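Have a look at these structures, which come just after this line.
You will see subunit A twice below: alongside subunit B first, and alongside subunit C after that.
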Partner chain A sequence: MSPGGIAFLSWKYLSYRPLRTLTLVAAVALTIYLPLALQVFISESTRVLRERARSTPLLVGPKGSSIDLTLNSLYFTPQELPSLNYAAFLKLSGQHFGSAIPLHVRFRAGNAPIIGTSLDYFRQRELDVAEGRMITRLGDCVVGARLAAEKKLKPGDKITSSPENVFDLAGVYPLRMRVTGVLAPNHSADDNAVFVDLKTAWVIEGLAHGHQDLVKPEAAGAIRKREGDLIQANASVVEFNEVTEANLDSFHFHGDPATYPLSSAILVPDSDKARALALGEYQGESATEQIVIPLEAVTALTETLFATRRLVLAAFLLLGAAALGLAALVFLLSFRLREREMRTYVKIGATDFTIRILKFTEVAIVLVAGIVLSLGAVVVTRSLAADLLPKLLN
Partner chain B sequence: MEDHRTPPPRPRPRARSDSLTPAVLLVENIEFQYPHGAYALRIDRFESRAGSATALVGPSGCGKTTLLNLSAGVLQPGRGSIRVEDTDLARLGASARAGYRLSHIGLIFQEFELVEHLTVRDNILLPLHLGLHTGRAALESRARSLADHTGIGQYWKKRPDNLSHGERQRVAICRALSINPGLILADEPTGNLDPTNKRVVLDLMISFAKEDNRALVIATHDVELLDAFDEVVQFEELNRFERTEEP
Partner chain C sequence: MKSRCALVLGLGLSLLVSCGAKKKQTRHEQAGHTIAAVNYPLAYFAERLAGDFATIVFEAPADEDPAFWKPTDEQIARIQEADLILLNGATYAKWAATTSLPLASTVDTSSSFRSPLLEVKGTVRHAHGKKDTEHSHARTAFTTWLDLKQAAAQARAVADALRKNWPDQADAVMMNLAYLHTDLAKIDSRMRAATAKLKGVPVIASHPVYQYWERAYGLKISSLLWEPEMDLNQDAMTDLKKLMDANPGARHFIWEGDPLPENIEKLKAVGLTSVVISPCANRPADGDFLTVMQRNSAALESLPN
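Right, the complex of A and B next:
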């Protein structure tokens, strides 16, 4: 028996039937990959979730599901809970438990969430500007590293918020924002987000706007009625959908700022005592907001994931056993069809042992290729899990 | 694609081999019976000498293939001896017989038995891939020269399904000759060929056998080709098994 010759003959047959071989390799690879990838993905996701949760000491938000609040604040998933009043945020800030960071997570630019926040957020997440500069005025934004790479965004480019409902003519206007900087990657949901100042988020919300100065003579055509200082505009008045240096001063807010909405607030307590006080403050039944320890919410979530994992794993193992059974059947049928070829080998001078080794080698090549492919895919999955998680959650 | 080339001139048959020429194949007093008793064979003596071409003639199913398989060591007789170049195959184990066959006996089959997923080159070098311990370079060079000599060199890297019947049979002949065997056993090698190619292929085998002093045994029922052989053996006369006997 010549090991090289046997390997050569096996390989020649496998490469002669590429579709069959690839199907078998794929069946083996998937059988191994799916349960392994699930394990890896869940453990990596758990690690990433816990890491981000750990770097977010406390969250204050409207009452409701603590997991929804956590996922919305940490991973910018669509907002499921009612809004948190700005007044509640001001109250939280005024209690001096520590640093309170506002979060407004409602709008999107395409698939990317638009996060209205303050500069404290970037400090808390250790997010630096890799290119360009930080937000300086209304209408500015900085974008996450992955989003910038995907959309080929750079400082000076524009990005427009998406309307929530294209059929709602009374809905929010899209705002064209100026990209002033691209953030350094931090392999989290931040990499795929657009960050604006909280006021810019409110502009998108429609709480602030800029329009023609109706006092100026050139706006005469847009005036419907003038009674002393009161000017009533008609529908032809131009409303700006982009903040520029020229129209910046025309932007103004309407209504009571105390009622302006937020999604939540991150609270970074100054001390353990402040933390305990904050927790106590929001745990009374009369409290209209809830305080959440993100690590606890994430732990509850991952426990659910682990419970689900067992079910999915069992399903994968059953599927894998079926796939391997089918692969074995394909091999058996193939060897039966090739009996004449094997008889020829024997007549020429191959021993029965050589024939067995030849068959074993073919199976081994397919198995090894499947295992290598699946392990390679698992490594890739592991490296992508951190980046994939925010996308999956969104 | 059929091969319609003009057949090369037939080699002049050598003198009939005599008792002074060594017997490459010597079958003596063998008895063989298939496990389920469907067929039995008893032969007192059958031989083939170096440089001679022997035709084993008989109707289909009479046992010619069984004798060839016994002579090649594919089957093991119940008793008796089968000597190929002084080695008694009947005394060897299955593995040793296979090893001996791989390196000493060239086999040619009616259906060519080429491996469809291998190129002409790899089909001819099949004994090497199956474990023949010999110099790869020397065997490859010999295989290439045989392919060129038989007119199939141009198909060296092609698969057998691209070749005509005649060309496929030549590949099978080259495979049998690649190991430089002392004994060539061919089972109805011209059975699937048209009359022109039958003669071409037969002449080719006989000329190769005679040039290098090999023993060639061909099982055939093609009576019109018998004039090319040094010796013609009627298989039914050779087999001493009485049909009335219980197998």
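Right, the complex of A and C next:
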């Protein structure tokens, strides 16, 4: 029998029982894919984590878990961390160690994190506006590339912040924000985020607001008490839930700005000396904030990941061995059931060697198909790992 | 022979000068540094200190007060792109409070003042609830540079920011600052001498923009809300009469800009001499910040004792 004939007979048999063949191919593919994908995902995640950490030289934030602070600042993961007050940020800026970039990561618009920051963030992350323009005023936002694609957002659209607790009627009011631009993709957590000016984040927090002019006659019903120059408004005063050109001037801040909250601050030191001075400044016992080297925090995290990976790999190998054993059993049973078919081949002239080649070809086709499928899936996993990581972290 | 030598020397020199100018222009164009300022005094300081290596962007139109001017989104975008953004501070240019500006390149030039900022009096304050602290939507007095010592401090803040941004230009900036400080100190001395005759006598001003000038030179100024080109009708004159009754002995009336001739006459009729003290918040039609301050001093010097 010619090689073509053997291949033809093998293919005919495998396609005669498609469900069995596909199950075997899937079992082989999964047995190979799972440990490989785990390896690829972890190594790719480590690369992506380190890359982002490397582009974030230092982080200053409230004392607590350095990994939580790093994940919150780099991946915008929701964390129950205490806040850093604006006075601490101003102190950091005033020490002239380098460029200090504020981060306010608390609110969400649906599932997307709303990041309050300054324009310096976009320069640091090399984030360009692909469509539209950068934020210019209170109430403006730019959205990450993936978020824009998912929600079909474009410049001129509106996006609303989500209330933290729907049952808290006295809580934070949702703010309807103007989308001024869509950022170019940078395959990081930035692609899923909504970016606003820090002051806009404070508006969402309720620290600033705009309302009807209490001096005007139409606001008469909203006045509770008037004593000389002091007007006290009641709860009926109309507050704006969207910043427009018409009401922009009415927005104002309450309380002491020094107490306003931030999540953390990225510090980009001007020099090695400035870096060393900054590290020394915040590592003293009297320091009320902590300074974190994100690369070190990420390294600690990836070491934990590697330790976990070894355990999971061992489990996958055992499972893989069991799956391959089952596949071998399926083949052996299948060949036993096909004894009459094999005898027919012998009667029409096939040798024992040809029969063995026939059986081997069937097994080889299933194995090769499984390997090709698993390798294809690994390639896809590698390309998606960078995008998947922020989603998994959130 | 001598004239030929002089011609050759002259040609050589002019060639050198033109080459130098070309070099300077080329370097300037290549560097492409931009500095945005929110008012003319800061733009002037930046021009004096960094005009050789940076372009100064001052977007406010000539016919508008930069304090109340509102930039368009496109203008804000241009300001955002500047390497350095000079704010006056003291709540000047309210648009800056609601605008997204890069913190790293934004400088509040009045943050180093030793004397506290002054608050505009007589504005309605309000509170939103029992727990809320009362507050006013009014601004802090913002014409900081009319106290020429404060102007010098603002120029120093601009120079510090320039040195930080462009360390290679630090020497040139410091030399320019020394010249600028000398000029401002001269004007300050002249202004101090010129305002001596107003001390102890109440002065009425057309607009509440002279608070720092009043404090710096020990004056007593009460303000109206008048514009130089407005028609002084019966209501306006009644307001003036009330202010004059509250400030007996007032003989001088200060305008921000050149008033209408009939307004000068109307004030003369009630015993007030008009004098123009321009805050020079916007780019003057002729001259510069220093010449305007000199004109202010000269106007005061010309007043009868």
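We adopt the following convention: the second predicted complex is superposed on the first by the 378 of 394 C-alpha atoms of A that agree within 3 Å, B and C clash if a C-alpha of one lies under 4 Å from a C-alpha of the other, contacts with A are read in each partner's own complex, and residues count from 1 in each chain.
Keep this in mind: contacts are C-beta pairs under 8 Å (C-beta built on N, C-alpha and C of every residue); 3 or more make two chains touch, one makes a residue touch a chain.
All figures in this text were calculated on a predicted structure; none of them were measured in a lab.
K.L.:
Thinking of the overlay built on chain A, is A:Thr244 touched by subunit B (first), by subunit C (second), by both, or by neither?
P.N.:
Neither subunit B nor subunit C is touched by A:Thr244.
K.L.:
On the A-aligned overlay, A:His252 touches which partner chain: subunit B = first, subunit C = second, or both, or neither?
P.N.:
second
K.L.:
Looking at A:Thr308, would you say it contacts subunit B, subunit C, both, or neither? Reply first, second, both or neither.
P.N.:
Neither partner.
K.L.:
State whether A:Asp197 touches subunit B only (first), subunit C only (second), both chains, or neither.
P.N.:
Only subunit C is touched by A:Asp197; subunit B is not.
K.L.:
Applying the touch criterion given at the start, work out whether A:Gly349 contacts subunit B, subunit C, both or neither, answering first, second, both or neither.
P.N.:
Touch status of A:Gly349: first partner only.
K.L.:
Looking at A:Ser99 after the superposition, I want to know if it touches subunit B, subunit C, both of them or none. Which is it: first, second, both, neither?
P.N.:
second
K.L.:
Figure out whether A:Asp120 sits in contact with subunit B (first) or subunit C (second), or with both, or with neither.
P.N.:
second
K.L.:
On subunit A, which partner's contacts cover more residues, subunit B's or subunit C's?
P.N.:
Comparing subunit B with subunit C, the partner touching more subunit A residues is C.
K.L.:
Would you tell me the residues on subunit A in contact with subunit B in one complex that are also in contact with subunit C in the other?
P.N.:
none
K.L.:
Provide the residue numbers of subunit A that touch subunit B in the complex, in ascending order.
P.N.:
1-2, 5-6, 8-9, 12-13, 16-17, 340-341, 344-354
K.L.:
Under the definition above, what is the set of subunit A residues touching subunit C in their complex?
P.N.:
Of all residues in subunit A, those touching subunit C are 93, 96, 99-102, 118-120, 123, 133-138, 140, 180, 197, 199, 211, 214-215, 229-233, 235, 237, 243, 248-249, 251-252, 254-255.
K.L.:
Within the complex, which stretch of subunit C touches subunit A?
P.N.:
The touching residues are 73, 76-77, 80, 94, 97-105, 122-129, 132-137, 164.
K.L.:
Enumerate the contact residues on subunit B facing subunit A in the complex.
P.N.:
69, 72, 74, 94-95, 98-103, 105, 107, 109, 113, 115-118, 122, 126-133, 175
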